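For reference, the structure discussed in these notes is given below.
Chains here go by letter, A, B, C, D and E, matching the order in which they are written, and residues are numbered from 1 within each.
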């Protein structure tokens, strides 16, 4: 693959998270030494069960942790060779990392267009209007909704949140569960868009997803986190083949697809624990 | 009793200004069923649940619960009648502990008030609180969240919050439980757990379930009947297989051109 | 005993600090002057000034503290609200209070007048009561009306806040005005805080009032005079004793034309035998001796000196206790503290009547484009009417 | 019924109300961009008025120079306030920030009293014509001036929030500081700007009122008076703030009319707006122009 | 066991009753009882000055807890608490003066009267929320203040009313020493009441309404009822506090209950920590002690030659006021979530000590 070659020639990754520890509220230790590397131009995905610390990792990178009384107490985060774990969130955005936060977090008392314009807040060029049209092309539903964004349906808000990230044209996007609440058709479309802008605009992605199938298919590399630690990582091909991943994230290891109806009384133990 | 559906929605329409969120929707949910509502984003699914639980009042139509008209009852009155629900955008009490969040679900079953409650040791309040606490602990055990019992709900991760929401809704002891995308933000393993909880609720606790979900695997596997909405209109209603076979559903909702993804666990 | 404790309540920072500071300086300077000149025949005055910012609860708390912990024998007080609130306390504790509140309610020691709500046996003040002051002004107004050749009955309006201090003379004065043939208009409520009072001035103007009694003080008076000037009210202002002094005239500017107000002492520039002592006392806090002192300052001195002489009497007649000080106040008639002749007017207190002074000097102030002029208009001596006692 | 008086009072109310409106706008500005209810609004007025007074009286500067210097001073003051006091509170609960403004109010109220004393002081005469007559009512020239200024400020604010990039950023910050940061908006800059603008504009109002009524610590009560104005208009509406101010101004004066002519209870002037406020809120819970909260789950 | 453990270092509780107790260990319960007993002995050792402060903490603390129930627990900001406090004071004085009811019973009755008034003024809460409601309570503040100065029959008008001391079985609680017991009794009762309220049904409903009123309603909570009720409960507390204050001071004056007092109550609960019963008390202690401590510092200063100049002594009041403002600001900059939050953190820290995470 072309990107793999690039990576080989350019050893310093765009983003590297080195062994960070994160503490909330001065007392609650959530990440216990997490290291992640995201090479330039690639899509890297981060999988893991609820409460593993995925969102926390993203917030640590984007600097938003500080507004939640969280703190990186050990380790460091480097972006383009520069240390960013001490920087303000807004400066990090300016240096090119944009996060799509979990739970949509659109600005409810503004219209869709105003939300999109805000996505482009750090941009100074004149193509904002053009990009708004682009987002409306991706998500035609948004164009019809002229009222306040707070009245949009859950899925529509999710579209808006993704659209807002596209407006920013950053170097790197951190996506926290972009497919959440989207209809199956749209999930496919969103992953299509992610791959497209990664390819066309060369935007690097760090993707947190529960939909492991799609995520691993789209990504070049994957990490799996559990209870604040990375427990497994590898190229997406490798992960797709891994027995445990198949069992717990993709569904159906050896057999056909398991039915949700079959209650399991026996659970296979995870080997990485 | 069995001939009266637990929930009957008759020709409900709802519009916000120009937006027609629901147009002339009728359906009924029988006691003991798992009934799913699916449809594209913005189809009006959540609005439908809001009409049932009382957040919105429909412009037209009636809603009957166990044969009683509830169309214009306030939400809290409907909760007392036995309608519980979870929310698509989490709506927990962020600063309360998980335990207290779930205890709020018991609100309508408790009798102590601002006068007897504070007399705790000298009134029946203590006994009552503890009895309900016991029931709540059972729910906690059932949903396997005992490790976060004392955690503050607002600090939990997304998936855990969804679980607590479910617990709170169960605590209401509703006859009808409305679930708005219970599986969102869960990985496969957690979805499996969640599916199991829902089936248990249905089979063992005898709750009738009405659920909105985008994960077709789950919908197919555990629902008895499925209704499809699109642009506020009802498209079809029937058994999961029948619904899935519907051409409109396939095109507008599933986007069925990608057979490659089919066999891999999630019919995404 | 070589010292006795006197509490001093002052408003140095609250809504009446405008004049409160002047008066408090008078008290403080007089006390320290007394102390440095032999005290009460050898007994020192231990005193503490508390800035209670014109807040009643704070005043009561300070009072209770002094009584329980400092064994206070007398108190120099300030406002009407707090002094009236303390009436029963001080009567019970037998602590004479010299207030700067000239509320008529404080003048009936026995409750002889059926209108008296609470007898005030331990309250004293130096000066004519607000009610008597206002009565004197009304009396002057009646004459003024005649002199101007006004026909019909002139209209009188009380202008002030709904607050114990402005309210104190409200009924008494209106009653007397009616008696003198005035038509008394509904009072106009104007906040004690400065502000834009054009609305009230329009009302005043519309009512066609000829004489308006200003019951507030300080900034509020300034705003009132200015607002009414803008609106163009044609009314003769008469204020109570706290509402007329140089700083007010300076701030109110051109609006001050023939502004009538009472005073109980000479002014700083005036000559009187006692003024030399006043000037010396003033040096206690102003070594240069150049600082301007308003007439409130001098009333403060008088108040302290009446207390001083009553204490001297008490010391000779059984010791400086609250009860004896009270008796000391009754020991003489028509008296002026030694050294303050011409500054304090001769006063008489009796166990039946605490109206120390019933003579009111009335002055007229003019802004004159910055060259402020104050001249005496007349002197009114009011009868000590029984039905005026205590209100 | 005394129509002439009523008319004059209403006119007077409109003119005074316009000033409330200006202060209300400042209040809305801060609220709209930071969600903070500024209890120190009255002190901004007070500081502006005193500083300008000091320039004019102590330094004997000509009015316009003194006034401009005051505006510069207030801008610096607003920014400084943000840097020292408000910046550390970014991301903390809004109620804490509100409490801080209460602290600021206490602090500056005392500081001003300490520096400038408790007496009311007059501004030197600024305009040749101090009073002009409209419809039988004498009106201070300064008020007419301020009327013009307020309209200009109002239009500028309106445009600013509706169309400018920074205006959008301010609204976003008010909605959710974390989200704003995630969009690259500098919450600090937003705070600094809104506090500086608010300080400058309030100071203008302070100077105008000072010119008319003299300066004294009581100026700061305007800070409390704008509460009903702002709420009547709708907390987040610039236009609402102005309309609310006008309504309160007129209401006060009409109350004075009714009181003076018929009821004679006294003090209706100060209290009536609050009764009306409660009534209006019960009919229109978000004031006249306020946007409804989004109630959606 | 050689040392007494202050806190259990694991979850040893075996019953739900033990789990929902106020005091987490037997030790803390003993500690609390011992603390109260110790406080009962205070008049024997403490000088009247400290007793006065203690009494102030008691009556203000009760009212502050009430406000915290309204603001902290139910999320409805009130700017009129001072007026409700005043209403309680007047009501109690009025009940005694006009009907001769023994003061001891006037106090709770005044609480109930205030509760009714609070609910009347809180009734807009059925329709309005947030700051709009806050300003409606501001209206209540001014309307009540005006009422105090006008209602001669009830308050004695602008002059105020006298409030005789508490009298029980012929014993008059006039001085600080005896009133201390009344205050302590009221404080402990009202705080236990509040603590219990917050761990039972209605207390949870309050918090639910604050955190997410839309979902609270769907969980079966009657919003209007609880919004009003929280006004009721909070004014009840204010009324009790006010009544105690009135009878302690002996006189109730119409101008004592200004917006400043309301703001002071707000400061107490914000500094103490919103939504914490303990916080209300901590905040009250802070706000009562603050001026005293400042006074002490200033006292020390005035002993120096510089501190004795008139410019300084006359500015004292302003300096003190400024420092109060300043301390509030500094406090919030360093502890924006209030004392109760810090308390939690310290506890959490010690719980895990020496493994601080």
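As a convention for this text, a residue touches a chain if its C-beta (ideal position, glycine included) is under 8 Å from a C-beta of that chain, and two chains touch if they have at least 3 such contacts.
Keep in mind the model is a prediction, meaning the values are calculated, not measured.
Contacts with chain B and chain E are shared by A, D. By number of C-beta pairs in contact, C-D leads when C-D and C-E are compared. When chain centres are set by their Cα atoms, the one at the greatest distance from chain B is C.
With centres taken as mean Cα positions, chain E sits 47 Å from chain A.
Chain B and chain C, compared by their mean Cα positions, are separated by 75 Å. Measuring from the averaged C-alpha position of chain A to that of chain B gives a distance of 28 Å.
Touching two or more other chains at once are residues 110, 113, 267, 270, 297 of chain D. In chain C, the residues touching two or more other chains are 13, 21, 162.
Shown for chain B are the residues that touch two or more other chains, namely 55, 87-89, 91. Every pair of chains that touch is listed here: A-B, A-D, A-E, B-D, B-E, C-D, C-E, D-E. Within the complex formed with chain A, the residues of chain E that make contact are 345, 348-349, 352, 356-357.
By the touch criterion stated above, chain B contacts chain E in their complex at residues 53-55, 74-76, 78-80, 84-85, 87, 91-96, 100, 103-105, 107-108, 110-114, 117-120, 125-126, 129-130, 133-134, 137, 168, 172. Contact residues of chain D toward chain E in the complex are 37, 39, 85, 88-89, 92-93, 95-97, 99-100, 102-111, 113-114, 224, 227-228, 230-231, 235, 265, 267, 270-271, 274-275, 277-278, 281-282, 285-287, 290, 293, 295, 297. Residues of chain A that touch chain E in their complex: 23, 25-29. Chain E makes touch with chain B in their complex at residues 16-17, 19-20, 192-194, 196-197, 199-205, 207-208, 210-212, 214-223, 229, 233, 275.
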